[in-house]
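Listed next: structures, encoded as structure tokens.
You will see two complexes here that share chain A, one where it goes with chain B and one where it goes with chain C.
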Partner chain A sequence: MNIKKLGRLVTPYVVWLSILVMIPLVMMVILSFFETRGLDFTNATFTLSNWFRDLRDPSVLKALENSFTFAGITVAVVFLIGYPMAFILARSSFANKMVILMLTIIPMWSNSLLRNNALRNLFSEQSFVNDLLSKINLSFVLDIKGTPSAIIAGLVLTFLPFMILPVYTVLEKMDKSLIEASMDLGASPIRTFFKVTFPLSLKGVATGVIMVFLPSFSGFAVPYILGDGKFILVGTIIENSYNYNINFVSTLSILLVIIIFLMIFFVSKVDKEGESFL
Partner chain B sequence: MGKKLIELKGITKRYDDEPVVDSIDLYINENEFITLLGPSGCGKTTTLRMIGGFEKPDEGQIILNGVVVNDIPPYERPINTVFQRYALFPHLNVFENIAFGLRNQKIAKEEIVSRVEAALKLVSLPNFAQRKVALLSGGQQQRIAIARAIVNRPKILLLDEPLAALDLKLRQNMQYELKEMQRKLGITFIYVTHDQEEALTMSDTIVVMNKGKIQQIGTPTGIYNEPKNRFVANFIGETNIIQGYYVHQNLVSFMGVEFECVDTHFADGEKVDVVIRPEDLDIIEPEGAKLAGIVSSSVFKGVHFELCVIINEKEFVVHTYENRPVGAKVGLKVDAYEIHLMKVEQSEY
Partner chain C sequence: MSTTLAKISRRIVLFFRKPKVVKTTKTLTSVLKNFYFFFIMFLLYLPIIIIAFQSLNSSRNANRFVSFSFKWYVDMFSDSQLMEVVSNTLTNAFFSTLLSTVFGTMFAIGIHSLTKKARQKMVFLNQIPILNADVVTGISLMLIFKVLMSVFPNIFVPLPETALFFRVSLTVLLSHIYFSLPYVVLSVLPKLSELDPNLYDAALDLGSKPFDAMMKVIIPAIKAGIFTGMLMAFTMSIDDFVITFFTSGGAYDNVSIYVYGQIGKIMSPAVYAYNTLLTLTVVVVLVGMYISSAIKQKKQALAQIQHNRLPN
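Moving on to the complex of A and B:
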């Protein structure tokens, strides 16, 4: 392959990346160290208060704590549901694995606002399910709207495919002779799972954890709709402050980027060939 | 040779109603090096996998030390396997790979360490304990895979074409090492290969298989010198097969000429297949030779020349140390004890 040719092919991507990713990021970093009126720099003054005063505001700290908690619980629940699903799917001899995989993905294709508003309805006393059931004198009440459980349920339903897909891919690609080798060497199926299958699937788990944690940590639509707006999260603060304090919003956003990078760095360190987990 | 260790009785395995192993009967002695030899798809690997417990036979019994083991899972059989592509655990280092089987048996730490070290020494890779398996060469991975299996001191070691991925020189060295190892350890080796040279070099007993059936069981020399049928004759080394008939005691006729032979067990006038190995044909002067023809090709093979001699439109392959030019007229001579006769089969291959 001619490197020069390849180099030229890369150019549009580099331009694209700099315009749409790097420049906005740099802008946010700059904004976070100033006090401006919107994007108008005419009376801008340099300040560190965004970083060292506003971030320490109790409401911001509470929001960070909430975001971490919700995202953490979501990751745990998604893992507990998603891993077994991916495992069963990868091991099964269904002819139509793809169909089943599609069934988990298809909900992602519907608009998430619509989906979460439907959930919100389902989680209230006057849900459409209850409505229908009451016609035949049954009742189904799952009145958890506005509670943490509703938010977790919404996040789990939204991000479950992000755990299933990478774990499934890793399990499916795994060399089956490794499983046989383990059994051959006297390990029972359960021991084989914990000694071979699971350690070797950690790459997929790590990908899944990042892909579920990040959007649940920074997102705001799901908690806002299902939590009745009762919980402040990092996402909600950004949303609320966007119109009057773009400097603080930039600071929070940069903080999120830093947290995200730290997580990816940490996971990739820990996951090096999956062996350090043992 | 020791006593009977494992026995297969009427073993049949079908995939989609298609028998891949077809009512096989076989017994294997203690301390034996036995090779299942055959072309790909002949059922040899499936047979091995049934002995290892990875497949269940549809019919028949696998009897290990007098106990039927059909339903015993692989992790409870005193059998270990060296897999074709080694199947080393990529998340464990060399030491942990070899110790894997021992850890499953709840063996004391000190003993694990000493046994792993002994196993590494046996495969001539001491000091490799802390290496990562991904960084080992093919030959080294091969040795680790063998160490990982034998460290458990199995009664039987199954080897599924373990040398297939190695280059020629390494493969030849490993053949001798494996044979030596088997002698030292006194473990029964069941070896699967499609490489006839490998089988001849290492085995005490060779089982030639084709289309799910056993064609012949015998010692390497027995199988090479006295193939039972055309398939075995063709599969084990190059060979010339000529149709002929048995004239009477110690006399066989083929190519319109009568030859003395040593095989008996045939009726007078019975049709037979005559097998002559290329190295058993000698080039002589065409005058007065029983077989005379024209050299149609000559290929240098290193140690010998491979000549193709056409006699009455029938090709003979001859291995000789002295080259003859293409187009030359030559005579062929064969000694009585080098003519092997086979019964003609109903179904020709």
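Moving on to the complex of A and C:
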């Protein structure tokens, strides 16, 4: 098996990933325990205040609460909308599923900030769509710009494909004979779904939950565009202070890394083979 | 009389017999399914449709549709600010796609040839850039580049435009390669596991050098995976906002950063024209590829049928 000898091709990738993942992580941990001027460690003082004072500042706590609320609701809505969609796609008798699948991916080729800006316009009092509709004597006003609903709508539409795709993949690969067996043994379609199909698709759901939760939790562009800058999230604090308070930004980043690890741990509990991502 | 009554009652019973009821509920669920499918598709495409209409608006006023006009599709080429961010975005996407496809394929072949345990470890390591939050990736890379700045003071300064290519920022390019590579690796790996390892052995036994054997045996067999990875890398690169935001050092704006700066201001519809044009191009390319592969399959199937008929 000469192909086994090609393993050395991977060495540069290990070096690359270790440098770009490990070094910054170590740097951020160190920075979070100091008060420095940027990366300049002369006159640096060791301090716990980033973790124990600044992180408990009411504005930061509010940002964390906002992030959790928006990301949590987004994940729930995306799951409730996306799961049936993935199910319909996987069970469809459409002539070509590839085409349908392409149709769900195509929106991702349109700039996501512009798409959210279009929603911002749609959600304003005098929207472009309302003006278009008024030409055929119809009207549509959904004046929710600057509210949590607008932000959640934007996040849901931006990240919906991230839930549909992994769930679809799992449902598509599923052994159909298990479903037939369940039906043959007398279970109703609904019972079959909850006892067979759904538990087997949890892998895809877990991947989808991570892929949707993390960017909605940490992002700052969608909340800014649709919330009209009225809501502070964790990402917003990082965006505003990365240039002058790298110590606290590092603290927040490490906090995000901890949350990511907890989520991956939770997924590895659901998916023991560890090969569910994408 | 009683026989006609019996006939009628049988008709009624027949009408309500199970198969028919099942059939009506089936059509009802399929109508509901189709309705749901089209409704979600409509929601996903709504922003794109709005952008397309805005690009055809003759007025700069984003809230009023005045009249149809294609002028922004012409004007966008003379909008120097827009052209700069577009050329930055596309040049950067071109190089990052090219490099991450080449190296990603190489790394995937390497990972595939490891032992099972080592391979699982590498697959996990490969997930880190995908699973990590964009903000954390952006800050991490920014820190690395700031450290490198003490050795290369000009690391954040974009390379100047040359006769052949537009401006390239090394920090942004490296960051894009960093987050695109894992997608290429992930797209190529499944194709490699479908590959017969004996083919590579056979090529070596027949006297080809390892590199030639790789290029002529392995690469052609996994080209579908390489192509998917390339498409993913390109998609990720042109749409990135957060990571470019933190790693450009403020000296290299892409389309997303430009749009972010224009939120709440009067945006030139030329941006909408660019975006619509890009989306349409991708759709046309995909449809073209789909049709050409469908024609190829049909031709192969026809050839197969003819081949089977030959003995007669």
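Note that in this section the second predicted complex is superposed on the first by the 262 of 278 C-alpha atoms of A that agree within 3 Å, B and C clash if a C-alpha of one lies under 4 Å from a C-alpha of the other, contacts with A are read in each partner's own complex, and residues count from 1 in each chain.
Simple rule for what comes next: a contact is a pair of C-beta atoms (placed from the backbone, for glycine too) under 8 Å apart; a residue touches a chain by one contact, two chains touch by 3 or more.
It should be emphasised that the depicted structure is a prediction, and the values quoted were computed from it without experimental measurement.
Asks: Mind working out whether A:L9 is in touch with chain B, chain C, both or neither, as first, second, both or neither?
Replies: second
Asks: Contacts for A:F52 in the overlay, against chain B (first) and chain C (second): which applies, first, second, both or neither?
Replies: In the superposition, A:F52 contacts neither chain B nor chain C.
Asks: Between chain B and chain C, whom does A:E180 touch in the aligned arrangement: first, second, both, or neither?
Replies: A:E180 sits against chain B, while chain C stays out of touch.
Asks: I want to verify the contact counts: of chain B and chain C, which reaches more residues of chain A?
Replies: After superposing on chain A, more of chain A is contacted by C.
Asks: Based on the A-chain superposition described above, do chain B and chain C contact any of the same residues on chain A, and if so which?
Replies: Touching chain B and chain C on chain A: residues 274-275, 278.
Asks: For the complex, give me every residue of chain C touching chain A.
Replies: Its residues touching chain A are 33, 36-37, 40-41, 43-48, 50-51, 53-54, 57, 62-65, 103, 106-107, 109-114, 118, 120, 122-136, 139-144, 146-147, 178, 181, 186, 197, 200-201, 204, 210, 214, 235, 238-239, 241-242, 245-246, 255-256, 259-260, 263-264, 267, 271-272, 275, 278-279, 282-283, 286, 290.
Asks: Inside the complex, what are the residues of chain A that reach chain C?
Replies: Contact set of chain A toward chain C: 1-14, 16-17, 19-21, 23-25, 27-28, 38-39, 81, 84-85, 88-89, 92, 98-99, 102-104, 106-122, 124, 126-129, 131-132, 135, 157, 160-161, 210, 214-215, 217-221, 224-225, 228, 234-235, 238-239, 242, 246, 249-250, 253, 256-257, 260, 264, 274-275, 277-278.
Asks: In the complex formed with chain B, which residues of chain A make contact?
Replies: Residues 175, 177-178, 180-188, 191-192, 195-196, 199-200, 273-275, 278.
Asks: Where on chain B does chain A make contact in their complex?
Replies: Listed in rising order, the residues of chain B that touch chain A are 52-54, 73-76, 79-81, 83-85, 87-93, 100-101, 104-105, 132, 134, 148-149, 152.
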